[in-house]
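Sharing a structure, written as structure tokens. Questions coming.
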Amino acid sequence: MSADERAFQARIDDGIKIEAKDWMPEAYRKTLIRQISQHAHSEIVGQLPEGNWVTRAPTLKRKSILLAKIQDEAGHGLYLYSAAETLGVSRDELLRALHSGKAKYSSIFNYPTLSWADMGAIGWLVDGSAIINQIPLCRCSYGPYARAMIRVCKEESFHARQGYDIMLSLARGTPAQKAMAQDALNRWWWPSLMMFGPSDAASVNSAQSAQWRIKLFSNDELRQRMVDQTVPQAEFLGLTVPDPDLRWNAETGHYDFGAIDWAEFHNVLQGNGPCNRERLQTRVQAWDDGEWFRDALVAHADKQRNQESAP
Amino acid sequence: MSADERAFQARIDDGIKIEAKDWMPEAYRKTLIRQISQHAHSEIVGQLPEGNWVTRAPTLKRKSILLAKIQDEAGHGLYLYSAAETLGVSRDELLRALHSGKAKYSSIFNYPTLSWADMGAIGWLVDGSAIINQIPLCRCSYGPYARAMIRVCKEESFHARQGYDIMLSLARGTPAQKAMAQDALNRWWWPSLMMFGPSDAASVNSAQSAQWRIKLFSNDELRQRMVDQTVPQAEFLGLTVPDPDLRWNAETGHYDFGAIDWAEFHNVLQGNGPCNRERLQTRVQAWDDGEWFRDALVAHADKQRNQESAP
Amino acid sequence: MDDKVNYLLRLGDNALILSQQLSRWCGKGPALEEDMALTNVALDLLGQTRLWYDYAAELEGAGRDEDALAFLRDAHEFKNCLLLEQPNGNYADTLMRQFYFDTWHYFLIEGLTRSADPRIAAIAEKSLKEVTYHLRRSGDLIVRLGDGTDVSHAKTQAAANALWMYSGEVFAYDTVDEAMVAAGIAPAAADLRAQWLAHVDEVFTEATLTMPPADAWMQSGGKQGRHSEHLGYILAEMQFLQRAYPGATW
Amino acid sequence: MDDKVNYLLRLGDNALILSQQLSRWCGKGPALEEDMALTNVALDLLGQTRLWYDYAAELEGAGRDEDALAFLRDAHEFKNCLLLEQPNGNYADTLMRQFYFDTWHYFLIEGLTRSADPRIAAIAEKSLKEVTYHLRRSGDLIVRLGDGTDVSHAKTQAAANALWMYSGEVFAYDTVDEAMVAAGIAPAAADLRAQWLAHVDEVFTEATLTMPPADAWMQSGGKQGRHSEHLGYILAEMQFLQRAYPGATW
């Protein structure tokens, strides 16, 4: 370890934030760029499954809440791209990596939203999992990232509550609505658990990330937190978690739960999810269709600048 | 008048059909091409207002009848383009004239179809008017045109009956359905009367066309026939014809009716109807989008021909 | 239907249909900042819709609430102007539709702040900041696109021309509108139109765009429930859940 | 739900959703002859839908008729395969979806003519001429487009690749399908799949197209009511009138 590296690690160990202008190991920079941009991409792609129901929201109030939520997600994308940019990579470069398929986004968004109840399930389970994943990151070692996560988490917790509120209305609604809610829980439960990533045994790079304090808890710890938090909520809704092996373990003080189908996880990751192709295509097409627009803004700004600098 | 012209007119006067290979005055040919192609274009463009409701037809049976009707219209277009082609003009040339806005189609198709009842009103009123216009043409002097019209008229009378049947179901339906039917009658009544063209006083070229037996009755005669036929049908439906001046005239044995708003007619003709731009755009886009497809069929046919003629 | 209720529904329907159209862009805009700004406008309009509907429902007193008005009326009962139901098209089409609307909407709302009906005046007062921002934003974008590249200029001019015939309906006052003017509730058409033309002219000049002739033929009918073929599809999608699950609470 | 009713609904839903998609092309095809031919296929499929639904409704005995089945079920109750709800795309996409379907449909219907259920056998017998024509037509067009111009070849190959992952669901038999096989009502998956692969291979070879790998990942879920995001929009449009005017007779 070089002197720089030692000093760097010492700062981290002392709980001092690393800032953009500070020296940092190339691997730390790269890992962070990958992690932050993947998160940013997830916010952007994550707009699509919800956008799918915004024109069909059942009341004006729900429509308004959903629109605001999607807008927040765009905002999160913006903070996160900015945080990534502090590491010396431009938003356009990151988007190119997304569009070419090189960069990833959260696999959960490769599942379709098939009913209004999915707007509830996504808020409750997907945003719920995201928060559990992200709250520790508010204390991560890289300052710009930690600060972005603080803003993100604050809004996400609203979203999770709004999602749960949708589920509550459905669960207390007509039999058809309750069935809709149960069906959504059935479809989103396992993918939400998969959001925490492979189990610790199978997880790579974790040790280094832990040392750098950009990963503060293991995947399995966080996943357990999600299960423990969510099961009582499902019970309160009167819905059944689709896991026959799920039971309270008084000894550990946690819920035991069934085995995750990692084959499905990897299959979706490899591009075989129900919506992988469509999600990426939608984003690429939006980007391509918008090129003339972005070019025009640049051209106009150039004209203005030239005029101003003209004698 | 030349000897050819005298002989030509004599044949017409004797009720002998003119056929494609026969000598004919250039003006006769041109007038027929204009008239037949305008009719063909009307069939093609006329698919669009009905196509607008085919995906929303309220029962499988109605959907099936409507689909079949639209298919018939494409077929009518086909016969009529073929009849025009016997006069030495290609379908592609005629379509180019349509797409460039040079050729016209019936102005009635520049009105939108706003409810399911419009499928009834179009069949009843628009096809009803078309039949009145077209039945005499089954006896017109140009053989290929007369024969095409015989086929067309046979199918059109089905369409008119099917349209009336839709109106009947609505008129006997719920108050909302009856209101839908009345609203459709209100919107389609006057445009249907306008389908017969300007009143005789304002009509040009009529004398020559009459002499050539490609126009057998005056616009006003045909329009009166339509009113006389339709008013009792409306009464049977329990619907009100939107014309306060409409009354039975025992002396003439016809219905007197109110003044037609020819300003509206000319305005729509000039391109200011509610749908002129969209109708033409839809057809042009279909044509442009289909270019690669048509090119491919030609290229494949060429390949096949070359292979066959190869040693 | 009472003239004032009718008038309020026209205001609400305009805002709702435009908001609905804008919300289709969610996650598909040409830039992240645009996604956010457009959603913001959609949200503002949705909020205004609810204010107009709530007042209309209250005056109507027929037991219909904002959701019944939004989700349980068929196309012929909607009273929005034709402009707002025109398809999103490309982003220039969307922005031009917005600019034509925003210009009218700003001057209208500004006029309504002086309405003889205090509730209407209060809603207008509450909306004025929003519509002022909308107008500034869409005018600014029209200038940047019109005076951007050749491509953006051409697209923007094409949108200006294509939508022009839908820009006049807001000034075509019928007896409902005139009753509102007579009661001091709404501003007169002529004043609004003059302000509209002046502002559009100013922005188009800066944008190097050609303004279509002011005396061109204008489409109308939307306010009276005679719509284009687009509205039926918009409503079929928007109203699905309320129609398919009648009486449910969401 | 009774397995046979379920199986009949799958057959009917496939035909209805595809017919619905084809009917969007009305008046917008690339050539007049295509408009007519495509409408013809849509009409045939609609007719078949009604035969399957009528039998399903009769067996179900719940008082639902063909229109209740078509217009009053929400997406999760529809059992069509995902292939059929994929968007029309360009004309090559539409034709490739058709060709994949027609190939399966032909061998299926041909097999169903020997069904142990005489009513199913009779419907299959009645449909066989239609589906034979459909298959000849779409195969012929695939050859002409694949072996046409460079542009048409590229579009057709792209469509073949994009839709491939939806082509296998028809052969993914679940307990419902297997119960039909066991009862001698429906043909086995393996036979159909072998026939399907052989025919597609033959047509693709003539069309100079490359067949995607037979062991590629295949999407599924439609038969069990887990659809793509497309179906909801298709139904919202298709079902509007029946939903908006409940209990009316049309």
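The letters A, B, C and D name the chains in turn, as written, and every chain counts its residues from 1.
Note that in this section contacts are C-beta pairs under 8 Å (C-beta built on N, C-alpha and C of every residue); 3 or more make two chains touch, one makes a residue touch a chain.
Remember, it's a predicted structure, so these values are computed and weren't measured experimentally.
S.K.: Could you tell me which pair, A-D or B-D, is linked by more C-beta pairs in contact?
M.R.: Greater number of contacting C-beta pairs: B-D.
S.K.: Measuring centre to centre with CA averages, how many angstrom lie between chain A and chain C?
M.R.: The computed centroid separation for chain A versus chain C comes out at 35 Å.
S.K.: Determine the centre-to-centre distance between chain C and chain D, using the mean Cα coordinates as centres, and give it in whole Å.
M.R.: Between these chains, centre-to-centre, one finds 42 Å.
S.K.: Please list all residues of chain A that touch 2 or more other chains.
M.R.: Counting only residues that touch two or more other chains, chain A contributes 56.
S.K.: Indicate the residues of chain C shared as contacts by at least two other chains.
M.R.: 74, 232, 236-237, 240
S.K.: Taking chains as nodes and touches as edges, what kind of graph is this: line, ring, star, complete or other?
M.R.: Other.
S.K.: Chain pairs in touch?
M.R.: Chain pairs that touch: A-C, A-D, B-C, B-D, C-D.
S.K.: How about chain D: which of its residues touch chain A in the complex?
M.R.: Interface residues on the chain D side: 74-76, 162, 165, 217, 219, 221, 226-229, 232, 236.
S.K.: What part of chain A is in contact with chain C in the complex they form?
M.R.: Interface residues on chain A, with respect to chain C: 44, 47-48, 50-51, 54-64, 67-68, 70-71, 74-75, 77-78, 81, 116, 166, 169-170, 173-174, 176-177, 282-283, 285-287, 289-297, 299-301, 303.
S.K.: In their complex, what parts of chain B are in touch with chain C?
M.R.: 49, 52, 56, 112-115, 183, 187, 267, 272, 274-275, 277-278
S.K.: Which bits of chain C are touching chain D when the two form their complex?
M.R.: Contacts found on chain C: 74, 232-233, 235-237, 239-240, 243-244, 246.
S.K.: Quick check: in the complex, which residue numbers of chain D touch chain B?
M.R.: Result: residues 16, 20, 23-24, 26-36, 39-40, 42-43, 46-47, 49-50, 53, 66-67, 70-71, 90-92, 143-145, 147-149, 151-152, 155, 237-238, 240-242, 245, 247-250 of chain D touch chain B.
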